[in-house]
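Read through the structures below before going on.
What follows is chain A paired twice: with chain B in the first complex and chain C in the second.
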Partner chain A sequence: MSEAVLARPAAVSLRLRPSSGLLLVLGLLLLWEISARTGMVDSPNWPPFLHVLAALARDTVSGEIPLLVGSTLARMFAGLAAGTLAGVAAGLIFGASRLVRRLLGPTVELIRPIPIPAIIPPLVLFLGLDDAMKVTVAAVTAFFPVLTNTAQGLRAVEADQLAMARSFGVPAHRRLLRVTLPAILPYVLAGLRVALALALVTTVVAEMIAGEQGVGHYLVLMQFAGRAEEMYAAVLVLALLGYGLNRGFVLLERRLIGWFYATGRDG
Partner chain B sequence: METLILELDAVGKSFPARGGPPTLAMDRVSLSVREGEFLSILGPSGCGKSTLLQIAAGLMEPSAGAVRVAGRAVKGPPPEAVYVFQQYGRSLLPWRSVRDNVAFAVEHRPGMSRSRARAVADAQLAAVALTGFGDHFPWQLSGGMQQRVALARALAAEPRILLMDEPFSAVDALTRLDLHRLMLELWEKRGLTVVLVTHDVEEAVALSDRVALLTKRPSTIARVVETGLPRPRDAVEVRETARFLELRHELLDALLTRGGHAG
Partner chain C sequence: MRAERLLAPLPGLLFLALLLLVLEWAVGEGLIRRALMPPPSAIWEVLRDLLLSGDVLPPLAATLRLVLIGFALGSAAGVALGTAMGWWGAAYRLLEPLVEMLRPIPKAALVPPLMLFLGIGDMMKITSVALAVTFPVLVNTLQGVRGVDRVLLDSARTHGWGTGRALRHVVLPAALPFILAGMRTSLGLALIIAVLSEMLTGQGGLGFLILDMQRSFLIRQMYAWLVILALVGLALNALFAWAEARALHWQQRQ
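Up next is the complex of A and B:
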């Protein structure tokens, strides 16, 4: 529940200027290409970047990678949705009741720091290798950041806004829906932004550890098969996926809670 | 015409104190507000004026005594009354447009469609001279304009009584006079009852039919003064009359020399 979570998301600039960080990216990829072609690094595990791109293009056109990405994302988003709903609900109860906070606070603080990958082996025993386990992993990943941020957001709701609504005779359920929830949305989204980045990691790790699904499993499979080009292609896909998800989320945030940034409530 | 719209009967309020007996903030406040009058509650800072108003609005429970609005005991916010907050910036909803902020006052009512709520909002925005600002957001407007949005929202609920908590204290002097004029105009046009809490003597005298003087804690009503100033009145010109100056002197004297203490 750090303040940093609420800081304005940094937008990575993709414009090409002499000082642009993108030049470094291109330079590193060029170094990769040269090091593999000239024999600076001479290993079957270090294919030229263009071969990796070619493998990526091939498997994309064949439909294999889109299918893998789709199945990974489907599980991740299913888990995120479930974890977010549960996190908001629990956060509301947590934030509203001091008794609940006192009763459950220590338990939450003990469970929260457990690295999610560590609970994958026991989860496999109960939920098996497939969707149920992986969706649960993503859900648990989302649950805690959303819970803590929701509870924190609840404390930032203006008392005057709630009293104003009461004065107009607005019933309690509508006050929750029309005042409290919009007011805490920026906090929930900040939690969700953290959860999104973590969920991609934990979903892929779950796929790598168990089962035969998604980008994570493909990555490990290619490693075992000694197909380095495809293995790196999978890494590249994950990099692009992570970048794209964050970028998309920042845009969504700007649309949904522009008022929050405009009023300087983010500090 | 002598209908009493708001009655406070020996209202007291005490707050729990750490490791001691509760602090008495307000003691046996009795006050009757006639339908259609403009009454100010005047008192020094920290005397519990806001507390008193919130009790009248049903937003806070008194520790002693009774509150009646339109003859009925108050147990929660009565439909006849609307409370206008001091910090307009904090009671407006920043994620809603100005129009939707005003519509908020009525949109929950049974049978109220979205389009009708918006039509109501536009009409009220026109009444406070904010036509054309419906699509703006509150934080895009000046302080005076934001307070007019809050006023339009209060009027949209068509209350019989407006309970206003220092609504003009957070704006500059010129804007305040502007809002005073608007307030008198609306009050006259709509036959409202207004209870205004303020620490500004001139504001209280210029606007009111009666001024109730509240003492320091534990606060109680020291006296109630009829202004006897003519109606309709201009909120600026009235300040040049002899009666205004006399009342101003009298009330300032009471606030300053007695430190607002009863007796």
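Up next is the complex of A and C:
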């Protein structure tokens, strides 16, 4: 899940030297393994951890899991791209115009708190069970955090910079491109980081509730089929995806807006 | 001044009313298929009946119960663990790898396994909500506790304050803005997971009803419950914002 915008991404380092924390994790995994094998927890829902890893390896090599992950990610990114573009555009208009803010504000505030899973049933009516519905779910997820952050960023753009650009005779479209957009980029990215974690959740949720696509559907299918090993393998895949996406985003963010942190403006 | 503040949302509300009127007209003209989007007036009739008959209350109470209990338990766990990890280096070293492993799991993915162990009752749903709430609160609490001004802590020690007193009167108040920011994120997640777990288990409150009405082609009912859920989300957010502003009144004044 995501931390609040307030929280900077923690620099996570992969330390392999034995620490109490690593031992705890290994100990818990060992306990899982032993409890499942010796019948301490005698349940078909509690397979040994190694069997879960084996199922993961099997389905990865067979190509089933890569295919599912690919289809989930494709829908998620398509939705993220659309939602981000729409969010930035709407955020710029919202941030720039008090009138628009006053006119549309209450409507946005009324729609925003609807939990995303609840909009899936009506979207199914309009868009069906497949790609169009799921991409829209991801897009709606991304739209609101990006909108809020863009509008906030726009208000934080230093008036001095804009005034200077104006007095140097920089035309309006170049001011937008060269001054405003770079200045709001850190805010947009902060919104996008929240959106990224949420979009993975909502895309998977949409797959769980409707249709027969992606990792989410696989997870629920395995639960119904009573194939616990595959089910846990799917949870593991999603955990890795969540971790990988967040790490990737942090790296991207440091490349794109290293200057923002370097000038210490994030405090 | 007061009248101006009361009038401020007026243009926005008028716009919303206009939007509904346009929708009513478009559905009436057949521009939008009635089977997909009934006119707002028809949804309002269902909504009014639900409200007047009191039928709205049992599902509403069921969902609110999940959200509130799960939110409270998850927040308490997050604050306790985050404070311990931020204060004691040993606790941090012990728990950090485990937290970093569990945190990226989309908590929605835990609902199916939890259903296997805890069934489809409230126990499972509350656990799911609490798990989703714990981690953002934990991470923010940790950050807040670590960011406490050293000078404040040193002066507490100079005055001979023990750990308990310093935690209660220095560390937690200083970390409060962070904790509340984490809780604000978590409140939205709590609603998402509550609705999802109601949908997946096929029983319970608002989430189940919205999905069930769609599958039964009771489209007006589906929209009516959706409106109720939106209002619940709005009310919970507003309530939290109000509580946050009260808890942080000293921060605003600075």
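In this section, the second predicted complex is superposed on the first by the 252 of 267 C-alpha atoms of A that agree within 3 Å, B and C clash if a C-alpha of one lies under 4 Å from a C-alpha of the other, contacts with A are read in each partner's own complex, and residues count from 1 in each chain.
In the analysis below, a residue touches a chain if its C-beta (ideal position, glycine included) is under 8 Å from a C-beta of that chain, and two chains touch if they have at least 3 such contacts.
Bear in mind that the values here come from a model prediction, so they are computed numbers and not experimental data.
Chemist: A:Glu64 in the overlay: touching chain B, chain C, both, or neither? Say first, second, both or neither.
Modeler: neither
Chemist: When the two structures are overlaid on chain A, which partner does A:Glu212 contact: first (chain B), second (chain C), both, or neither?
Modeler: neither
Chemist: For chain A, which side has the bigger count of touched residues, chain B or chain C?
Modeler: C
Chemist: Once chain A of both complexes is superposed, is A:Leu28 in touch with chain B (first), chain C (second), both, or neither?
Modeler: Only chain C is touched by A:Leu28; chain B is not.
Chemist: Looking at A:Leu104 after the superposition, I want to know if it touches chain B, chain C, both of them or none. Which is it: first, second, both, neither?
Modeler: Touch partner of A:Leu104: chain C, not chain B.
Chemist: Let me test your reading of the model: by the given contact rule, A:Ala163 touches which partner, first (chain B), second (chain C), both or neither?
Modeler: Touch partner of A:Ala163: chain B, not chain C.
Chemist: Go through the superposed model and pick first if A:Ile257 touches only chain B, second if only chain C, both, or neither.
Modeler: first
Chemist: First (chain B), second (chain C), both or neither: which does A:Leu200 touch?
Modeler: In the superposition, A:Leu200 contacts chain C only.
Chemist: Could you give the residue numbers on chain A that contact chain B in one complex and chain C in the other?
Modeler: Shared contact residues on chain A (touching chain B in one complex, chain C in the other): none at all.
Chemist: Which of the residues in chain A end up touching chain B in this complex?
Modeler: For chain A paired with chain B, touching residues are 158, 160-161, 163-171, 174, 178-179, 182-183, 185, 257, 259-260, 262-263, 265.
Chemist: Going by the contact rule set out above, which residues of chain B touch chain A in the complex?
Modeler: 54, 57, 59, 76-77, 79, 81-83, 85, 87, 90-91, 93-95, 104-106, 108, 137, 139, 157
Chemist: Can you tell me which positions in chain A touch chain C when the two form their complex?
Modeler: Where chain A meets chain C, its residues are 1-7, 10, 12, 19-22, 24-25, 28, 45, 99, 102-107, 109-122, 124-126, 194, 197, 200-202, 204-205, 208-209, 216, 219-220, 222-223, 228, 231-232, 234-235, 238-240, 242-243, 246.
Chemist: List the residues on chain C that touch chain A in their complex, please.
Modeler: Those residues of chain C that touch chain A are 8-9, 11-13, 15-16, 19, 35-36, 90, 93-98, 100-110, 112-113, 115-117, 132, 135-136, 139-140, 143, 177-178, 181-182, 184-185, 188-189, 191-192, 194-196, 199-200, 206-207, 210-211, 213-215, 219, 222-223, 226, 229-230, 233-234, 236-237.
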